Amino acid sequence: MVDMHPKKRVEIVMEAPALHRLTDALDKAGVTGYTIVSALAGRGLSGAWSREGLAGDAGRMVIVICIVDAARADAVIAGVHKLLARQIGVVTMSDVQVIRADHF
Amino acid sequence: MVDMHPKKRVEIVMEAPALHRLTDALDKAGVTGYTIVSALAGRGLSGAWSREGLAGDAGRMVIVICIVDAARADAVIAGVHKLLARQIGVVTMSDVQVIRADHF
Amino acid sequence: MVDMHPKKRVEIVMEAPALHRLTDALDKAGVTGYTIVSALAGRGLSGAWSREGLAGDAGRMVIVICIVDAARADAVIAGVHKLLARQIGVVTMSDVQVIRADHF
Amino acid sequence: MTSGFFDLAMQNILSPVVLFFVLGVGAALARSDLSIPEAIAKTLALYLMMSIGFKGGVEVAKTGLTAQMVRTAAAGIALSFAIPVVGFYLLRAISRLPAVDAAAVAAHYGSISIVTFVAATEALRGQGLPFEGHLVAVAAVMETPAILSALVLARRHAPSAADTREPIGPLLREIGLNGSVVMLLGSFAIGWITGPKGLEPVAPFLVDLFRGVLCLFLLDMGLVAGRGMRAGWKDLSAATLGFGIAMPILGALLAAALVPLTGLSAGGAAIFVTLAASASYIAVPAAMRIALPEARPSIYLTLSLGITFPFNLAIGIPLYQALAGFAVR
Amino acid sequence: MTSGFFDLAMQNILSPVVLFFVLGVGAALARSDLSIPEAIAKTLALYLMMSIGFKGGVEVAKTGLTAQMVRTAAAGIALSFAIPVVGFYLLRAISRLPAVDAAAVAAHYGSISIVTFVAATEALRGQGLPFEGHLVAVAAVMETPAILSALVLARRHAPSAADTREPIGPLLREIGLNGSVVMLLGSFAIGWITGPKGLEPVAPFLVDLFRGVLCLFLLDMGLVAGRGMRAGWKDLSAATLGFGIAMPILGALLAAALVPLTGLSAGGAAIFVTLAASASYIAVPAAMRIALPEARPSIYLTLSLGITFPFNLAIGIPLYQALAGFAVR
Amino acid sequence: MTSGFFDLAMQNILSPVVLFFVLGVGAALARSDLSIPEAIAKTLALYLMMSIGFKGGVEVAKTGLTAQMVRTAAAGIALSFAIPVVGFYLLRAISRLPAVDAAAVAAHYGSISIVTFVAATEALRGQGLPFEGHLVAVAAVMETPAILSALVLARRHAPSAADTREPIGPLLREIGLNGSVVMLLGSFAIGWITGPKGLEPVAPFLVDLFRGVLCLFLLDMGLVAGRGMRAGWKDLSAATLGFGIAMPILGALLAAALVPLTGLSAGGAAIFVTLAASASYIAVPAAMRIALPEARPSIYLTLSLGITFPFNLAIGIPLYQALAGFAVR
């Protein structure tokens, strides 16, 4: 059996043009890594969008997935919150188990 | 420290051609939003698939992520279940924490 | 109300060239299915990457999502761990509820 | 159907377009990782629609709207309604396929394959044989009626599978407004409005590149067909496989019977017969996933893309041309 | 601005390029699922930059660097700074739009639309009228100053919305190095270095395909514009809609006043005036999401892409050419 | 290697193809967000394979299969096996690179770069120098043997890193059937079967567009190389960097020694020598991620794509042509 260790999974749905600002903030918050996925379409309070046909970054959303240690989670969430306060987006956090604790 | 609020994260893997029917159902169920990701490939009981090379929607799957309030989760799941009963797909629900409770 | 059943959600961030080896391992471990998403970019201990501009598979990561029964989760994680031990990647497991227990 | 037919067939089979399809099938069966990205496959398909629509419209701009066009469209719509009925009962008679699968398969054969259309026009161009430009619009109107027929058949013969709560109206509207139909008819209209003068500046893109792009698209179709064959083979009985070859010939015969009513030229008749013989593999499969989700794609896609399409590409097209030749005379 | 103008306008409106835009808008409004994948849309835009940059550079290689180029660039930069100020106060005067929205809208009109530029050059080519190749570089330098103006306006009139912690320097650097500007100026430099001899081998790709690719890109722009109209309509008052037509004309008049200082030819002046009249819809929206996130895209995108772009495409371009004709004389 | 060489080198360096590569590197180093979507990059690579494969096959259709082709392929395979061995021991001698990294780097140099091949053929075309069409097939067979050599070296010198449980057979099969090899050899076969008559209708796509598309692909390669340089620089010592220039020259010398055995023309010999000097950056890196996951991509990719490729593009190609000239005489 592989040992599992509890961590936090932070998932951020956000606007593509602000992505670099977010990853800079994550880098500063000391996270060990993150993975970005391009969302295809969506709807929220500010309406529906789709990336189809867009030649630029505006109007497109990305999902940033970041596994962090619980001890660092609050700081990460606070940093993300500050940055995205005025931006369109959704931030969620959940509990996960990872196999290599020293990686995070 | 940022206040976190418990919500449900519903994740639906489903066939692309039926997507509009699902989002219509979600809209009717009163969810505040959802985000769609295009899946690249997969396998299930009905076999393997890949979106590579497909000129049309058939044979392609999408993932719909929807953060909902626990109070509304049952209704959302029921609606999704009814719609996808005869469709290929997977529906999962999990616990998450969000930062802006009023958004959902 | 729809009946929900507890399962495990295994999420694997891994290098694209090794994908076939992983899905073969999952097939052997007897999972009923999985869904693959193409990641856009990311950063980890071994540096940052982006799929933009890549004509080949090297340097690109994918995310494999696999819903499994708790009874089988350990075996799946062990198989994945063995395979990815020397590969770049992240493996997480979390609790989810599904609607069709017999599917997994 | 003598040596002329065999010459045409050989010439057809050894054309780059067919060989690239074969390459795709071979690569998929050998499990090569060769693949065309989805975004490209989709765009190649749109490009083909844009090109043939525009060129068809320009032809009509030259000749003007004729009664022949209306008559051909009417014949096409009638065929699209009728072929699924013939196909459904034939399939039920020769195989043990459940009614819902049979209805879904039948829908594909009533509708049309635009790439088969294109391959037929290329064969004619190779021989210097002209055909009517308005056949592009006929192809577009033949896409949808078959779906209606198939749904009626399914509701009668497999009532539990054919969800009667799903209203047919919005579904037909969705299919009628699907991207490729809009691209085809929109480009047709633009070609008609702007005429030969409008075509000129865009000809290097829409005309000159056409055959090369077609090769790439057929490579992609071969890859997808080969992938489907690998997976779908086991679900197909010999009878079902036989249907994949008998049905296009049957469709062609039905169309040939209507040719005299249309007043088409020999080239146009060859295209018209080919349309009837062709089976959809993009628009109808997507519609079936919504309207008849219990029908198995492994059956209808393997038949349409894995059996009928290659048969038509290699042997059908010269055959239908010969058939149309008899019908016109 | 008599019958010659109307002929030009009609010829313009019935060109394939404009008709494909109309097709896109129509398909989006009818809720067709026709769409161009994001990867293709992005690449089509890069291709257009590569082509016009390269061709512009080759022109400059023929004529050499002139004082005229420097004067035109200076005039362009001045306009890019000034137009947002005019636009902001006009918008505040005629509508109830909050200051942050008004500043964001104003930024779009000070910057430029490269597709409008291209459409204007196509119209000139249709008439055999030459224009200065260096205008491509002028277009590039006019992209960014407007954003600076708009930020200054927002910081003064909506201090809470214009985040003063966000430093302007990196933002401007980011915009100045954005992909399309680099592609445009880089291709311009390569065209200049290699000259007509360098263009020759790549001409089938960069020159011959240009108009066909443009049609496809305009179809895509129509689809995006139509989608935006469907969503954004309700946020726009009559006054705001009117601004979408009045502002480009105002911008054109300002540019026409500067034409005599530039020494441009009639063709070049038409392009220059069109640049001033055009509104950005790719670079500036992305910058606004960062610099003024509280400004609503439904307003600035609908105005720029849904009102001003089609107006310029159909009516503006011949109008600005007429205007430039007066200014040159 | 006198003034003729320098003229060729200058002409080469100032060609649009090389300048677009430079633009890409510059944009990446300046952190511009210019990028080509993955789907497009992949398709551009497939297009290049399709085009050169088809054209090569057509050439062979003209001349027929010759003993020369077999001899050249044998020489190529021998080089692909031998070069990694030379490279590995050289690298171990001059640098402190761990054995697993050295083996992975060596694999890249034994294999080939198809874009370097293409750039060499373009240089020859610019001079009107013919070359043998079958070299396309020789390029394809030189892709894989190097990987086998490198794995044997790694298993001997870094047994813990070279996973001996991973069977080599399936890996080689996977590499042999990788998408670009299949596209290259498949198109070669189709060109051979259909001959010049088959090329004609697809020439506007496969021939005329080639150089323009190549520019776009080289821009993309520049962007990826620049990104890699920014990240990988710190992992590279001076000795390793020197290897990136010494090794291609060494490979070229080895190939030049074999040229007399092949019976190639001056043009063909230049291509053959260039193939040996070129280093893989698509197929081998992917294979290394599976076979030698502990080898660092920051080292082998930076060397292959960041050092050797630009060196070959700008200076190597004319150099190897001069070298081949001596070998042929």
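Letters A, B, C, D, E and F mark the chains in the order given here, with residues in each chain numbered from 1 onward.
Following the convention adopted for this analysis, contacts are C-beta pairs under 8 Å (C-beta built on N, C-alpha and C of every residue); 3 or more make two chains touch, one makes a residue touch a chain.
Bear in mind the structure is a predicted one, so any value in this text is a computation, not a measurement.
Peer 1: Taking a step as a move to a touching chain, how many steps at least join chain A to chain C?
Peer 2: Tracing touching chains, the least step count from chain A to chain C comes to 1.
Peer 1: Chains shared as neighbours by chain D and chain F?
Peer 2: Touching chain D as well as chain F, we find E.
Peer 1: Over half of interface residue numbers shared between chain E and chain F means same, under half means different, so which is it?
Peer 2: Different, since under half the interface numbering is common to both chains.
Peer 1: Taking each chain's centre as the mean of its C-alpha atoms, which one ends up farthest from the centre of chain E?
Peer 2: Centre of mass proxy via C-alpha means gives C as farthest from chain E.
Peer 1: By CA centroid distance, what chain is farthest from chain A?
Peer 2: Looking at centroid distances, D is the chain farthest away.
Peer 1: Roughly how many whole angstrom separate the Cα centroids of chain E and chain F?
Peer 2: Measuring from centre to centre gives 41 Å for this pair.
Peer 1: Roughly how far is chain B from chain C, going centre to centre by Cα mean, in whole Å?
Peer 2: It comes to 18 Å between the two C-alpha centres.
Peer 1: What whole-Å value do you get for the distance between chain B and chain D if each is reduced to the mean of its CA atoms?
Peer 2: 34
Peer 1: At least two other chains touched by the same residue of chain F: list those residues.
Peer 2: Touching at least two other chains: 33, 35-40, 42, 204, 208-209.
Peer 1: Where in chain A do residues touch two or more of the other chains?
Peer 2: Where chain A meets two or more other chains at a single residue, that happens at 37-38, 57, 94-95.
Peer 1: If you go through all the chains, which pairs of them touch?
Peer 2: Chain-chain contacts present: A-B, A-C, A-E, B-C, B-D, C-F, D-E, D-F, E-F.
Peer 1: Mind listing the chain E positions that touch chain F in their complex?
Peer 2: 37-40, 42-43, 46-47, 50, 54, 174, 177-180, 182-183, 186-187, 189-190, 193-194, 198, 201-206, 208-209
Peer 1: Give every residue of chain C touching chain A within the complex, in rising order.
Peer 2: 11, 13, 37-45, 61, 63, 74, 77-78, 81, 90-95
Peer 1: Per the contact definition, I'd like the list of chain E residues that touch chain D in the complex.
Peer 2: 14-16, 19-20, 23, 26-27, 30-40, 204, 208-209, 211-213, 215-216
Peer 1: So in the complex, the part of chain A that touches chain E is made up of which residues?
Peer 2: Going through chain A, the ones touching chain E are 15, 17-18, 21, 47-48, 50-60, 86-88.
Peer 1: Which part of chain A faces chain C closely enough to touch in the complex?
Peer 2: Within the complex, chain A contacts chain C at residues 1-2, 4, 7, 9, 23, 27, 32-38, 62, 65, 67, 94-100, 103.
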